[in-house]
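Structures given as structure tokens follow.
You will see two complexes here that share chain A, one where it goes with chain B and one where it goes with chain C.
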Partner chain A sequence: MKMLSLLHFDVLPLAKLEVGHHFYWHLGGLKLHGQVFLTSWVVIGLLLVASLLATRNPQRVPQGLQNLMEYVFEFIRDIAKAQLGEKEYRAWLPFVGTLFLFIFVSNWSGALLPWRVIEIPGGELAAPTGDINTTVALALLTSLAYFYAGFKKRGLGYFAKYVEPTPILLPIAILEDFTKPLSLSFRLFGNILADELVVAVLVLLVPLFIPLPVMMLGLFTSAIQALVFATLAAAYIHEALEGHGEEEAH
Partner chain B sequence: MFDFDATLPLMAIQFVLLTFLLNAVLFKPILKIIDERDEYVRTNQADAKAYLAETEALAKQYEQELADSRRQAQAMIAAAQAEAKETVAKQIADAQAQAQQQREQSQKALDEQKRDAFKSLEQQVDSLSQGILDKLLGSQAA
Partner chain C sequence: MDPLVAAASVIGAGLAVGLGAIGPGVGQGTASGQAVAGIARQPEAEGKIRATLLLTLAFMESLTIYGLVIALVLLFANPFA
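Up next, the complex of A and B:
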């Protein structure tokens, strides 16, 4: 990242590039990335406030925020239903839905909220999903979720999926359990960080108007990444629930 | 860039908490609202269907009744017409009979008067011829 830190100009405070600098918090010998938690709390706060406001006074004919949240809910439900099927989706809806909402709002907060205006002692505020810790945490939770789903549904018979349809594929099946969280986390992390960097570099070069199309593209990829993460998580859970041998007709 | 530290597990815990919180404040309530609305719509639809069936039955019944009364009215009109025709025919017949009778009566009276008139004429002829005879013969006789 030395190359990128060459681009430090203090002329344009909004266009500063800082990668790899963190606002460290120390918690009993543990180091935390403070800026990630600050922004994630804003995101979580947004989600909770919107949810509470939407469901505070439920109407039969939805209006305003309730309508929006119902639309969002149905969108999420469709994702979960499409991947997990009618029978299993209800139990996993909160997990898949929270994944989507958290990632989506995080990504868009990074693209839309002027985090960088707020000065913090180290690093800069950005989308929580632009930090590898967040994305790996989400990806590992997804792994845990599908292992849990598999063991809960089929007990130790879950291991049968490693040698089905043939034991020759065992190494690949085991490898998959590592590549899944790896690809999930790096895809999200890479997309969000790259988007922020591209926008920052462009703003640095041409501050006005020219970065706008790239910003729009950033909004688009951010939304797509949230959808992809949630869909893949649901697909992995479905795979663990179904196994290879006993494919049911949907 | 790739510095992993305690952010990771804490973020994971935070996310799990968020999942439970969102389940409590978003997913469950909204699912409940949507289910309730579905239920409401379904009952309303069932009610509406029942009402529609009832209405259709009523309409059918009314149509039946309408057809019945129309038929009845037609029958009544036909009966009345027949009755009227009968009455007219009877009255015409009565009137014709009466006229016939009157004509016969007046014919009879006329005949009688004619006979009377002939009779008196004959008498007068007799007396006149007697007078003529008397006058002719009386002068001879005288």
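Up next, the complex of A and C:
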């Protein structure tokens, strides 16, 4: 596939805009986007170090990092509890929490860490969620998770939800299983890439100070997108657990 | 790239974002207006209303983002080039 390098300006040494250029790693017959792996590993490392440091020496009265991580944990628990309900949320808390934390730290790392200072051959380092491969992987994991949840809870009766209100809606119910990961991945990818593009275009025009408000807006929307992804994943899992017919109050 | 394909792609990209912004724009305006009305009627529910509104706005915004993804594909990863 040929890339149209329409937006490849090099007006100022400060500001450069590259889309569709990647740092390829060749592994057997596969072509991997190296920069995504590098940034993902940094994000995973950050999360690991933070959680290890916070839990290394827990105090009865939390302070500093432990306090922050407890707050984060409670936030994630509230997301899961609000969507999945009091009874079911515990089993799915690690999944929803991992999604939220990875996406959130990835999104913010794209704006806060000075990735572009580090030179790599071809492409540039940016938020890992700004690459469609990452978001599709996360969305497919979510699909797998809700199918697993449905089968585990209700066995083959899970398929009843496809014909539950009326069999006329069967094609739409099947289509839904494809549109869910599609919309999840496109939403996250588009938002993050759009944020970075808008900031990059503004930096290209005015390198100093003017892009700052847009960067703040970018931080806000990327936090919201992480929340939306985690909330939707939890909501899909809840739907698979409950089915369409049996609505219950919780 | 064939100049005709290039021109059509650029016009298509512009239309994808521009037309895709109309519906969510109307929807976000309506939702925000209703939220303001809700807060005015019941100021103590402001926190809950705001949280729901932000989530809803993100959903509506994603509709435009789908158009944007199509525009980006047309510009940077054009399958017909």
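By definition in this document, the second predicted complex is superposed on the first by the 237 of 250 C-alpha atoms of A that agree within 3 Å, B and C clash if a C-alpha of one lies under 4 Å from a C-alpha of the other, contacts with A are read in each partner's own complex, and residues count from 1 in each chain.
Here, contacts are C-beta pairs under 8 Å (C-beta built on N, C-alpha and C of every residue); 3 or more make two chains touch, one makes a residue touch a chain.
None of the values given here were measured: they were computed from a predicted structure.
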Partner chain(s) touched by A:S109 [first = chain B, second = chain C, both, neither]: neither
Greater residue coverage of chain A in the superposed arrangement, chain B or chain C: B
Touching partner for A:T39 - first (chain B), second (chain C), both, neither: neither
Which superposed partner A:S222 touches (first chain B, second chain C, both, neither): neither
Touching partner for A:T134 - first (chain B), second (chain C), both, neither: first
First (chain B), second (chain C), both or neither touched by A:P58: first
Which superposed partner A:T142 touches (first chain B, second chain C, both, neither): neither
Which superposed partner A:K31 touches (first chain B, second chain C, both, neither): first
Chain B versus chain C as contact partner of A:Q83, first or second or both or neither: neither
Touching both chain C and chain B, counted on chain A across the two superposed complexes: 1, 19-20, 193
Interface residues, chain B side, partner chain A - complex: 1-12, 14-16, 18-23, 25-27, 29-34, 36-37, 40
Residue ranges of chain C touching chain A (in the complex, touch as defined): 1, 6, 9, 54-55, 58-59, 61-62, 65-66, 68-69, 72, 75-79, 81
Contact footprint of chain C on chain A as seen in their complex: 1-4, 6-7, 19-20, 183, 186-187, 189-191, 193-194, 221, 224-225, 227-228, 231
Contact footprint of chain B on chain A as seen in their complex: 1, 19-20, 22, 27, 30-33, 36-37, 40, 44, 47-48, 51-52, 54-55, 58, 60, 62, 66, 69-70, 73-74, 93-95, 97-98, 101-102, 128, 131-134, 136-138, 140-141, 193
